[in-house]
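This is the structure I have questions about; it appears just below.
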Amino acid sequence: MSTTPEFREHRYVLNMGPQHPSTHGVLRVILEMEGEYVMDPQPVLGYGHRMHEKMAESRSWPGFLPNAARMDYLASLIYNHGYVGVVERLAGIEATPRAEYIRVITSELNRLQSHLLWLGVLVLDLGAFTPIMYTFEDREKILDILEDVTGSRLTYCYMRVGGVVRDIDDKFIERTREYIKWQRSRMPMYDKLVTGNIIFRKRVEGIGEFTPDLARRYGLTGPVLRGTGVAYDIRRAEPYSVYPDFDFEIPTETGGDCLAAYLVRVREIEQSLRILEQALDRLPEGPFLAKVPKKIKLPAGDATYAVESPRGELVYHLTADGSEVPYRMKIRVPSFSNLSILPEVCRGMLLSDLCACMGSLDLVIPEIDR
Amino acid sequence: MIVYRYLAECIFFGFIALIFFGGLLTVRARLLMHAVLGLAVAFIGVAGLFFHLGSPFMAMMQVLIYVGAVCVMLVFGVMVGQAPTRTGQPRLTGHNRQLAAGSCGLGFVLLTATLVRTRWAAAAERVGDFSMQHLGESFLHRFVLAFELISVILLIAILGAIIIARSPEEKTPS
Amino acid sequence: MESRDSVIAALQSLPAQVREVDFRQRGYHLEVWLEPERLRPFAELLRGGDFYLSFVSGLHVKPALEVSYQFANHAFACRILARVIVDAEHSLPTISDIFQGADWHERETKDFFGVVFRGHPNLKPLLLAEDMEDLKPLLKKDERLKDRAAVTRAEADVAEKTPAPAGGEEGA
Amino acid sequence: MTDSFLPPELLRILFAAICAIVVVFGNALVMGYLERKFAGRFQRRPGPMEVGWQGLLQLAVDGVKLVGKQLVIPRQADKVLYRIAPIVSFAPAVLPLLVIPFSPKLQGRDFDIGLIFILAVVAINVLAILIAGWGSNNKYSLLGAMRSVAQNVAYEIPMLLTLLSVILVTNTFSLKGIVAAQEGLWFILVMPVAFLIFFVATVAETNRAPFDLPEAESELTAGFMTEFSGMGFSLFFMAEYTYMFIACSLTVILFLGGWHGPPLPYAEYTSALWFFLKVYFLLIVMIWIRWTFPRVRFDQLLNFCWKYLVPFSLVHLLVTAVVLKI
């Protein structure tokens, strides 16, 4: 690769991916190795590239929603949220208050299941099989709840411009409350089984350390950034939807290593549960879908809508030209920037640590490839 | 006990055959890896001979040390040194071939001379295996100084190897 | 830089054309128009001000390609959208040595629009296949569309005086 | 001089060999089942349930499937080495069973130096892993094989040193003799530290989690086993379980009093029950560890061995020697 001036003889190239257990999808990392040390990891992207941005230019405004759901299969509702948000912002449409609450509730459930999956997968990358089964058990409860209201389990297409497609009922609220109680009762177990495990801690402590400044240079966002001590969360920094109504913390750690990112995410689970509780308590009555014209034409101009996905800052930047289709849609995905730090941070690392590092970045490859 | 006798003979020649097979594999192999594995086969044959000659302890040590340690180390060295390129070694050419033939011939002559000139004492008929006890006594009483000296030399060799292996650059950027 | 006002002051002295826009309507706070040669000083200024690069994107408009850079700040709410028109050779200076994260974003923009970033260390296709270098999928092949885009840009300039019209219109 | 064509001693050995092979296959079946069932229970799921009562026949069905599978040989692989590697790994696994005393009478052959015999034979497995890793012509396999060697060589040292402590006490290499020496008092009570070190070392020697680096599936896909399928894979699989069985048997013989236990009728044969109970208890502990802990890193693995296990076992050996002298 171009970053290494000369290819040294005792180095060899290890091709990790596109099919590899630790790359979580079709990511390929070309590793230049010296023994077990990774001297130069170079990610190769695009194996799952579908050109969503081009597809957006040939679809009507609501027609792009299913595409939005298919970029990050673990945070479809948050992608939904961002998309309807940017269309509403440009069109000047206001969603009803109840719809905004429902959006927050479903988004937070979505965030929880993403974090739970990540928790299991990170530990799986480190060689422990059992925790992923536990997190899947928790996650299954969320998926069941969301399936009842949205109709699908993974690639939700639930939100609409002006609101959501179906109202939530008392049963949903009751089940979500039950789930919150259940999840709280499970967290001490994870603390003991994973966080307190000496091997786990030795595997993630001090691995992949970076500073807030390095994170800034690479545009890192999300829990990875918060692991360096920067309390930056779009839900607080540029509040959207009804997030200003809720009382929640932005967990931060100062280590900047894999352990810090891990701790931040685990603590975010609790914060999401808090948001959920408050949203369920204050859920306003009213229509769940605002009156919106059937065929939406957006005025010429552009708008940005940033939301906090489980992996960081997700930005939709939309340019409209007054017609029924977007003129240009730029989607800024968090994992894209988060992964770009890999060659810098993982140089000179052991292969096992690279797996830990990629696990703690919480990559979703279809999101990177779009 | 005629069956025993025949079985013993068969096993003896079987081991001899194994040694020859392993030896041939070692010298004929074009890949270093195959050569080392041939050596392992020959070692197992030698261990069989020890066993056959009534010294199971020596046989076990032969397997444990020569197959389990020396061969593994050699294979390890081959893997590290030769990396994954597996083009075979070229056959020996003119000059080298003469050198090889000469040194082999010399070795053969020397060995034969030694064999012929040694006055072999007839091995005492043994009941049971006391080779281990005997070995232990010789190592720790009669030859204790030589034994300890060898271990010191080995220690120095290991230290030297470590120093040579580590010297070029510190690999882990801390 | 501790507040949006100080950012505006610094940008104006660059000099760059800065405009404060309504966050509720546009989703960002400052819109900046830059000359290509001011791009690198601009990036260095933001780098010193502890901004981070959110994304780099292209837009095919009538006069020439426009590349937009979005920056935001961890410390205070200030999202900047900077627009730069590429020069005659479809190229711009790279900022990937100032913001390392721009590396991949620039490669992506090269993939989709064919914008050449001068000084970029490794401008190979990132998301597209190696042999798709000439595809440039996001360029508008349709002249009619480009015309409309040109109108769009003109309107955005006008919008400085009048706020953008709100609301959709009833479809057939 | 007997007139029979085959001497009874030879018949005995043949019979023992057949029994050993039965034990190997039986152990692989039982272990496969236990591993899956326990893993299932640890993960709050039932484990195999479909084939047979409580999924008892699942392993048999899997075996048939593996045997029936096509043997895929990678084009660039070293064909001969690739083929013989599983055999080299599996064949020596049967031999140690010939000298393990399951009960006072159930033993293939009591061997003066049974302990060394087992260690010597088991050492060949490392060679098999190396052949497999090199023959597959896959960098992941090669890395796995190299890890395996470093790990095995390192952990053999504390294992042998703790073993020496036991030998100092019993003064014999005969497995039967070692068990007999524990008639009244199991060595685990005399030398608990040695037991711990030995057990940890055996877990590492058998490449089990958390020391399963040679086949670390999240880093090296499957290490030296990456390219193996069908019978090749199942031979490795059976060899691994057999080595686990042997390792646990050794632990039981050295520290847990072998066949000793509450008296049973026909104790000379039936006390094998105690032996198997103890062995499977240890094996279940191994399964338990595997499904609980993450994998250690390579440098941590070696550091643990060289910085903790080796010094501790050396000190232990010294203390044992001094105590015995006094």
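In this document, chain identifiers A, B, C and D correspond to the written order of the chains, with residue numbering beginning at 1 in each.
Here is the rule we use: contacts are C-beta pairs under 8 Å (C-beta built on N, C-alpha and C of every residue); 3 or more make two chains touch, one makes a residue touch a chain.
None of these values were measured; they are calculated from a predicted model.
Peer 1: When you take the mean of every protein CA atom shown, which chain's own CA mean is nearest to it?
Peer 2: A
Peer 1: Comparing centres built from CA atoms, which chain ends up most distant from chain A?
Peer 2: The chain farthest from chain A, judged by C-alpha centres, is B.
Peer 1: Please report how many Å separate the Cα centroid of chain B from that of chain D, as a whole number.
Peer 2: 27
Peer 1: Which integer distance in Å separates the CA centroid of chain C from that of chain D?
Peer 2: 64
Peer 1: Determine the centre-to-centre distance between chain A and chain B, using the mean Cα coordinates as centres, and give it in whole Å.
Peer 2: That pair's centroid distance is 60 Å.
Peer 1: Between chain B and chain C, what distance separates the C-alpha centroids? Give it in angstrom.
Peer 2: That gives a centre separation of 72 Å.
Peer 1: Among all residues of chain C, which ones touch two or more of the remaining chains?
Peer 2: In chain C, nothing touches at least two other chains.
Peer 1: Can you pull out the residues of chain D that are in contact with at least two other chains?
Peer 2: Touching at least two other chains: 139.
Peer 1: If I count partner chains per residue in chain A, which residues reach a count of at least 2?
Peer 2: 12
Peer 1: So in the complex, the part of chain B that touches chain D is made up of which residues?
Peer 2: So the residues of chain B in touch with chain D come to 1, 3-4, 7, 31, 33-34, 37, 40, 56-57, 60-61, 63-64, 67-69, 71-72, 75-76, 79-80, 84, 86, 128-129, 132.
Peer 1: Could you list, by residue number, the parts of chain D that touch chain A in their complex?
Peer 2: Per the touch definition, chain D meets chain A at residues 39, 42-45, 139-140, 143, 147, 209-210, 212, 216-221, 290-300.
Peer 1: Any idea which chain D residues touch chain B in the complex?
Peer 2: Residue positions touching the partner: 1-2, 5-7, 10, 78, 81, 111-113, 116-117, 119-121, 123-124, 126-127, 130-131, 133-134, 137, 139, 142, 145-146, 149, 153, 173.
Peer 1: Mind listing the chain A positions that touch chain D in their complex?
Peer 2: 12, 14-15, 20-22, 36, 123-130, 133-134, 137, 193, 197, 199-200, 202-203, 350-353, 355
Peer 1: Tell me, which parts of chain A touch chain C in their complex?
Peer 2: 1-3, 45-46, 49, 51, 53-54, 57, 86, 89, 91-93, 212, 215-221, 225, 230, 232, 237-238, 292-306, 313, 315, 317, 319-324, 327-328, 330, 332, 336-337, 340-341, 344, 369-370
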